[in-house]
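In the two complexes that follow, subunit A is the common piece, with subunit B as its partner first and subunit C second.
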Partner chain A sequence: MPKPKYKDAGFAFAYILPSFLLILVFSIIPIIMDVGLSFTSYNMITSPEWTGLDNYKRLFTDPYIGASIKNTVIFTFVTVPVQTLLALVFAAVIADKFRSHFGEAVKSAMFIPVIASMVLIGNLWTIILEPHGIVNNFLGLFGISPVNWLGSKHLSLFSVCIISIWKNVGYFLVIFYAGIMDIPAELYDAADVDGAGTMQKFLHITVPALSSVTYLVVTLGTIWSFQVFDLVYTLTGGGPGLSTQTLVLTIYNTAFRSYEMGYASTIALLMFVFVLVISILQKKFLAKED
Partner chain B sequence: MRTHKKYTPQYWAALVLVLIAALVSVVPFVYMVLVSFTQMEILSFNFDFSEFSLVNYSTVFRNLDFMTNLKNSVIVTVITCILNCIIPSMAAYAFAKKQFPGKSKFFMVYLATLMIPSQVTLIPMFFIVRALGLMNTYTAMILPLINAFGVFLIKQFLDSFPDELLEAGRIDGCGENRMFVTIVVPLMKSVLVSLVIFTFITSWNNFLWPLVIASKPNVQTLTVALATLKSNYSTNYGLVMAGSTLAFLPPFIIYIFLQRQFVEGIALSGIKG
Partner chain C sequence: MKKLITFFLIALCSLSFITASGSAESGSGKTEMLLWMPPNGTSESLDLEFWKTNLAPWAEENNVDLQIEIIPWSEYTTKYLTGFASGEGPDVGYMYIEMVNDYIDMGLLEDLDKYFTEDEKANYLYYDKGYVKGGQYMLPFIVGNARLFFFNMDILAEAGVNELPETWDELVEVLQAVKDANLDDVIPFCIAWGDSSIGTLNANFYPFFWQAGGELYNEDGSEMTLSDGDAALRALTFVNDLRFKYGFITDECMSMRNSGVKEQFAAGRVAVCVTDATVARMADEAGINWDFVGSLKDKEEAVWIANDSLIMNAQCENKELAASLMKYMTTGDMMAKYHAQIASYPPITKDEPYSDNPRFQELYANTGILHTLYAAPGAAAVADNLYKNMQLMMLGDLTPQQVIDNTQAYADSLN
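For the complex of A and B:
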């Protein structure tokens, strides 16, 4: 006897309901509210006032937005290539030379920064990078005079980049390592027969085989660049000047320090557009790969 | 077969390279712990081990609200982990194994919400939580973390899982709910372990959301308190590092015991992008 197609529909809806309610309340409704708020001026004391496209126009002249976007672009172009390359090289070296307890220990050690919170990392590196902290002490051994890592307009963003790379390499290393483990061993054996060197095997087998993993790592790194908050909140507060200002920091300050809820929502939507474009490009690329 | 000699110059170069990487990753944490035992006003390499003391730790426990913050973090994280297993499992099971009208469109909506960064919805979520009267509550810190990610992850897992086992359960006259609990849930164990670890780290380290909606000291979590500690006692290095060390201990201890699952669990979040 054929079963009716939707026999279990009631059961299915009941099982989905709790999850759907949460997604509705904390994702779907908020994104719609974001759009509505973005056309208003709202300070939480008087009721929201319709201001049309004013908030959108303001985006173009706001120095905080300009600085945030500039910093995000620099941050992306510094952190993404460096952390991707480091993670890839270390994953390949460990997979090639240290498939042992020692290699596992190195991976575990490099993963420790990943499990710490960004707030903790910010606290820790503030102390490490103090003008009289250990990094400057160490450089002093080589006769290098103390560097103002976080307090100089020219270096602060660079320092934030270094710390971020330090924290994330272990994460991407694990992803690359898993990717390398999926590459068939026969490919390497065949190359060995042909007398290929380590470097040739890396460039001609490992790197091409990891192209979709690399794309994932690059996309993730780029999306994370747009989400930087905890680290600059604890390390620099966005300064000195606007040198480490980020989009999320601007959203936070605009909403919860200046109480300009409407404008802050507009900035949030701008951020959403950036992240969405990157996600869609990734999906397109991966679809092409398959 | 690798026929190369193992201890080539290349091998030694690689060894030095990975040792440096491991050291660079670990040394800052060792430094954190060392500084936490000192009352240095000037930071240096030169630790006087004879002057090490637990003063900073007793200050953290006695004068600050550390125990309250710890309790808040534990409660929020544990409940989030439990709920993030139950609620997404149910939805994922329905999506993977049941037929209902509009299923694929419905699931598309779930996938779409994965692309919304939590910072984008911060402001409206703040208004919603306020309107629901949930400001400064555990509930407000917990619920937004129960999102579509768990559903997506578990559904992927269940899709690769044969329907025949479920049919066998049905023949035995098992009710739908009982079948879910006694047959489906045990089979999801491995994916749930990964999800719990991922959720644990996300919740324990969560900062922006609790900062915005749970500012009262009696509900403040450890991660938010750490940021406060740093801004209030910026020059008391030992104290800030003692607080940081204590906040790091729970995730670190669990990491030591569940390393493999930890790495898998966190690497899974890569799918989320």
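For the complex of A and C:
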């Protein structure tokens, strides 16, 4: 194999330079700044003041942090598996039974929530879930008294999870559907010859063949779940109590309501570490299957 | 190492200040000025059109290239903070009172007092409400939209009630009569507990708290005083009792937004509610026979009113011109047009005829009982914590005393 020439290497660097610069400016430098600012008191206007570990100590006494971590983790553990499973099942059903205009229409319809703004979705679901909204009126037909979907501390986070799943399923459905289209038809033909049923083909061909896609979906879903903000901001504002307070909502309120950028940076760094650890774990466990 | 990191951060953060800020001379020889206003009308374009049209003569006369931006409420605080931080903030802007504290502390707002003559000051009805933290940093622009007790008089009549209550005890008597009348599908007392906004406190807490003689902060705003005296406990216990002791506040209210309260009142399902004055128009349109009480009497009379104001950027290069713009925007004629075309509020100057709902005219003239919110450090975070603790109280998880203790502890932890 011929040795690469310096000239070729120069070309290679030139090709990756634009991407590298973008990552440097929009990811690496902000992360470095975030680490630095987490040790300061800073309001964006006056210069940062070094406060050492004060912000980190505050993390342990701030009632919003514990609640935010708990809610964000619950949100992630509920939404990611459910939306992944639903998207996979819907994609498989559409690919298997509805490769028609109807299937395309269903896919398109399910994609609409993906492109709709979170604020719009928040307001829409507020109307749907309100005491005299569609859901409670429907339940009323069966004699069930109105449910306090967003005002109950036991149900509010669950309600937010459902809405988030509803919004995301369409996006992951499209990814799974594209993955299913790439699975060689010969595999299914051979399974048919062997007399495999629909469920067996799904479990032993479709699911294993989509492991790399599933890894992508789970990773994306996890990162999105940790970023949940606008939905909660619009629907509940983090309440009732702290029952739907999430990490990004706490970061936003700390930064833009209390003007404590230093402390907000500390919380953001905490979230960064969480996402990093989870991503590493996901890679470790899902990569085995891959 | 510590100094090096601090230097690095300061250098990075200072980059944003390199850009010029405030007004400047444009290439055409005109002075450039930037005005930021909120969408108080029904849409952003309506506000923009109004200000563009009505400020054009002033801009022409003063040879100003006036840029006007309408900032959506959803990104209001973010836009202001990033705007000021990058030196791209407005010369004249509009802030609500909870915003100003930090901007004053950061030295970003100009004390307006020296730009107004005594005669001009005397013409403003609420000029003194812009005096905060030892300076006239605000020029009250929207004063009103009071939170009031509204009564459906037909429901009250059905319950045998013909007189409006004047005290907390009388309110309980009225609500008890409504409850005892067992009217079909009627909520005796409706206040929003499912709203995501901390502004809900303006109806659910502050009126009761102030009427009980409380103040949330000391005079200079440096200390939260929720636990001082018995006002907070009295107010919270009263609100708590309305739900748990008397059962006047139904489960439905726990997930209701302020907009929902108004809709239900206009739908004729609510006997009494505390909400903003805009419900009057909705009730009129729905043909509801309504009346209102500004303040119930406990230890004092108190009514919450909005106090949103014009502010001047301390970095503005033409402060006299900016002051001139503020005066022009608040002339009686201009405000009369604004209140007629954009948003109906009571007048802010003596030379503007009253055009808001005539039934509230007397209330807004009684300035002694009108209270506004606080300009204090961490006020938004404390209000958020107070509201969330109150939500838990209304769900039966916290006692009124625990609400006070938790909120006071949180406020103390911020200092």
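A few notes on this one:
In the analysis below, the second predicted complex is superposed on the first by the 243 of 290 C-alpha atoms of A that agree within 3 Å, B and C clash if a C-alpha of one lies under 4 Å from a C-alpha of the other, contacts with A are read in each partner's own complex, and residues count from 1 in each chain.
To be clear about the criterion, contacts are C-beta pairs under 8 Å (C-beta built on N, C-alpha and C of every residue); 3 or more make two chains touch, one makes a residue touch a chain.
Only a predicted model underlies this, so the values are computations on that prediction, with no experimental measurement involved.
Contacts of A:Phe226 after superposition on the shared chain: subunit B is touched, whereas subunit C is not.
In the superposition on chain A, contact of A:Tyr259 is made with subunit C only, not with subunit B. If you count the residues of subunit A touched by subunit B and by subunit C, you find the higher number for B. When the two structures are aligned on the shared chain, A:Trp125 is found in touch with subunit B, with no touch to subunit C. When the two complexes are overlaid on their common chain A, residue A:Phe272 makes contact with subunit B while staying clear of subunit C.
When the two complexes are overlaid on their common chain A, residue A:Thr234 makes contact with subunit B and with subunit C alike.
Contact with both subunit B and subunit C is seen for A:Leu37 once the two complexes are overlaid on the shared chain.
By the document's definition of touching, of the two partners only subunit B reaches A:Ile175; subunit C does not. By the touch criterion stated above, A:Asn148 is placed in contact with subunit C alone, subunit B being left untouched.
Shared-chain residue A:Ala190: touches no atom of subunit B or subunit C. Annotation: subunit A residues 33, 37, 119, 126, 130, 233-234, 256 touch subunit B in one complex and subunit C in the other. Those residues of subunit A whose C-beta lies close enough to touch subunit B in the complex are 5-9, 11-13, 15-16, 18-20, 22-23, 25-31, 33-34, 37, 90, 93-94, 96-98, 103, 105-120, 122-128, 130, 132-134, 137-138, 166, 169-171, 174-175, 178, 189, 192, 198, 216-217, 219-220, 223, 226-227, 229-230, 233-234, 248, 251-252, 255-256, 261, 264-265, 268-269, 271-272, 275-276, 279, 282. For subunit B in complex with subunit A, the residues that touch the partner chain are 1-3, 10-11, 14-15, 17-19, 21-22, 24-26, 28-29, 31-32, 35, 42-45, 87-88, 90-91, 93-95, 98-101, 103, 106, 109-110, 113, 115-117, 119-128, 143-144, 146-148, 151, 176, 180, 201, 204-205, 207-208, 212, 223-224, 226-227, 229-230, 234, 237, 240-241, 244, 247-248, 251-252, 255, 259, 262-263, 266-267, 270, 273.
Those residues of subunit A that touch subunit C in the complex are listed here as 33, 36-37, 39-40, 42-48, 50, 58, 61-63, 119, 126, 129-131, 146, 148-153, 233-242, 253-254, 256-259. Residues 2, 5-6, 8-10, 12-14, 74, 77-78, 81-82, 84-85, 102, 106, 108, 193-198, 251-252, 254-257, 260, 378, 380-381, 384, 387-389, 391-392, 394-395, 397, 406, 410, 413-414 of subunit C touch subunit A in their complex.
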